[in-house]
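Chain lettering (A, B, C and D) follows the sequence in which the chains are written, and residue indices restart at 1 in each chain.
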């Protein structure tokens, strides 16, 4: 019985982490066709900023919100100076974001050094809860809660607000959004910044759990890619379900088959690509 | 410049490159030039894919790394002769290229890049995990170089590089090469002209895989050890740097890129420990402003036909 | 400064490239207010490119485009559309993941009397009201065309560009579409590209024949119907 | 086709020209004192005690491979500073042996095997160093040791800890003064005397890589030999960050002791934190691990207080004359910094090199090997003996306990010292037992 609870709680908390990491990545790729390999680096910088801000201001919440805002601004600047000039040339965009990984990683090393920073959860989150005789760190429950809240807020935004409708329309037919009089370039900037802010938020929330160190970017970029491939491009709910599935897969493999745990997300992705190239939950077909 | 004296110039330079460093007699310089030749061969093989066929694979270092591991494993653990090991590398490279061409069937452009990156990472994870075979993080040491000393190795490396360069030039200018460039422009349209694009693409994937394998063989001969670092995604990035920095789609560009990378990394690492940051920024600048890379700077920068900016 | 000129739109020697291919070599068109002007001509003549150039989706390489007297050549698409132009693309491009209401909501611009225009749309296209809350991916070809036109109608636009509305529609739907457009053209001038002879002649007041990227002939409806040689010479009908 | 051929000649010429320029540029920069290789030897006369040695022989060239940049640059700095302090101590500040001045050439491996081998080629074949030393990265050490043996140049490894170096991959020109992973694992158990282990249940945990597995197995063997019972071996991946599933498994096994052979940030820092978070330590399970460098102490901070484990080197654990000298020289040379972690190991290596040259009366390879085999000398941790069979230095090991350093941080004190004789691990070098 207790193993089942563990799988649910720890698998879910891992899944929510993957969701926070990959939701922005999927949104940006779906709407703008931009595959931002540096998305993992945004997540990593979110870890560092979350750590620094919550340490300097003493409030954990300010830390994660501040980190999300800063990374959002970073995304805005990056989109304006680096992504927009290459609009329409997907190859050069990919190669540019690939190069950005190095720039952001080395910058982090210059500023934060190569050591790992440990951040302990705030007092109101550092205890352990007891669920059916299982001691579960409260922070894990907070991660699940945070992931679900972000999913609901983003779904509301996409479903109910005009901006959300425009983003969904743009994912389907970007040229036509221009033809109904909407400045698509501005929508792209907002969406890119929003996507990066989500990664920053994810990073800041992950720090008390993972810590902040300079190799997070490469570790996490593969998880983001796996979620996008399994969930289907541009489908936000797809990213959510795919993240949950991946969370369970990686927890279960690391518990029962530790040797495979490093490769579990990669194998899962390769299997899905071979069976259903456009992911389990629809989204643009990968043959386009 | 008639072809005749161009030929003379080329041969003269070839002689110079072979003789002069040999006279200087510093094996450190020889090992650096060997490294430049190895990475040039690897970069040329990648340029055949990226530059001439538009296949953006982020898993190309798999051939390079696996070739090194195969040679290390067969010669050190199984005590095979070198030629048998090379035979095994060819078999393995062809098998891997088959996997990659299968992937081109299932996924297109951006998806292909993502999936190949994942495949590359999978091989990297396996190299650290299966330590019975790969020796894990410590790698597989003990590979004896087939060249008696660094000077012979260096001369052989330069000659191999020139051969690979000529072979690639001939491939690219051949009718098959033209089809591949057509595939790059518009895969579907070439298909409609009756060419089986899958067949052509898998041929070029195979050839570039074998060339990368050749570079891997030379690498393990030079360093005497195969370690997971050559399967790591940072190696993919470095090879990408060389091709893009040097000039994609030009074949001599990657050689320039390889030379710049090697020399700069040695000189720069002397001054600052954060020399990779300079490369990263350089790469981004090249992607933004000099898409044709260093080699491309000579070609005229084509003007788009638009009166007004979009 | 609403100088009610006779012409809503004037194109003078407009040239356009797609990539490095030169498509339009010299297009000259005048669209009179409250009328429907039709661009005829064989496929590949540059008709669709002309509409894309006017709407700004494809900036022109040369020439001037006057909308209500103001030169809009080279402006980004969203600015041209916002100054009162509606665009109905060739393959409709409706936002399938959004409901009909959402399609219309995001097309409605600031300061637009959304409810009044919605009534007008429901009058013209009752199906829009019937499936108002449904995802537009369930619509048939004809209904999708109606939605696409409704999107251009939701704002009180000066000019509506329609690209081959009859394409793929059943004859009874075409007839229905004909009298809808005849109503629309009164208040919101229409410029459309149309191959279907029956629709073209029963909607159009003025005609231009576009061939090899140039406007080669101009005439009124009467002149077109009176003189069969035009049909033979330019349209091979 | 004609023009294509002409064009390709032009390009071949271009390619060859580049190689030419590259070669000359490098040749040029090689003539002058290589920037990367500038020997960071402190000025010989800096401490007032050393008088000016008169030079009676050619300089002794020592090549030091060092991780000056790259992922392990922190460790590289420690090894470099310990090495020079060691040379300084062993030559009483003269930086010369029998009138021959020491010339140390430091080369940056940038933590990459390819570059490491290239730099080793330079040191062995161009600079023709008499003795080679250095690198904390086992894969580089393994590659370089074969090259050194080929050139007949003794290679003294201070830090790289893989067992294979003095085991499966052994060659007679290679020595290692630092402890290997098996010794680290052995030490981990050292502080418990026989009866405490008798009848207790254990779980052994180590990172999933070659060294980790061999460390784990020898730990298990040590426990079983002392009457303990190992319930399970757990090997999480090297860069695992989420240890929850492994900790849950440990809780379900509920052992008396959890013994971890630890390497790398994630294990040292995150694992104990997640252990506490998941309440694994609540039921009295004793956690035995290894204690790493200053960064580790800074990161763990007060939360780590009370933790016990094998301490490779912490200046507070030893009060031997050599250790005091290391601290004093290190602080003098490197503006007051305390020697950290690897510095304690490279100090010993440097000392062994000097003693070897003095005993061999020169830098001839075979003489140096004979001099070092069986050499017994006093150093940082007390008496060291370089075992003749596999050239591995036997040495006392410390088990440290983390204590508060008085102002909010953490430091280490020696919970127990395992004497030289306590190290009982077999010779695994082929044909050398």
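Heads up, the rule we're going with is that contacts are C-beta pairs under 8 Å (C-beta built on N, C-alpha and C of every residue); 3 or more make two chains touch, one makes a residue touch a chain.
Nothing here was measured: the structure is a model prediction, and the numbers come from that model.
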Comparison of A-D and A-B (more C-beta pairs in contact): A-B
Greatest separation from chain A - chain, by CA centre: C
Averaged-CA centre spacing for the pair chain B and chain A, given as whole angstrom: 32
Distance from chain D to chain A - Cα centre to Cα centre, in angstrom: 38
Inter-centroid spacing, chain C versus chain B (mean Cα positions, whole Å): 52
Whole-Å separation of chain centres (CA-atom averages), chain C against chain D: 77
Shared-contact residues (touching 2 or more other chains) in chain D: 73, 208, 237
Residues of chain C engaged with two or more neighbouring chains: 76
Two or more partner chains touched - positions in chain A: 259, 262
Chain D to chain B touching residues, read off their complex: 1, 4-6, 8-20, 22-27, 29-30, 34-36, 68-70, 73, 108, 110, 112-115, 117-118, 121-122, 125-126, 138-139, 142-143, 145-147, 162, 164, 169, 208-211, 213, 237-238
Parts of chain A lying in touch with chain D, wherever the complex brings them together: 3, 6, 10, 14, 114-118, 120, 126, 128, 135, 137, 139, 209-211, 213, 215, 219, 251, 254-255, 258-259, 261-262
Chain B contact footprint on chain A (complex, rising order): 29, 33, 35, 82, 85-86, 90-92, 94-96, 98-103, 105-107, 109-110, 218, 222, 225-226, 228-229, 259, 262-263, 266-267, 269-270, 273-274, 277, 286-288
Residues of chain A defined as touching chain C within the complex: 162, 165-166, 168-169, 171-173, 175-184
For the chain D and chain A complex, residues of the former touching the latter: 71, 73-74, 208, 234-237, 239-242, 244-246, 248-249, 265-266, 269-270, 273, 277-279, 282, 295, 298-300, 303
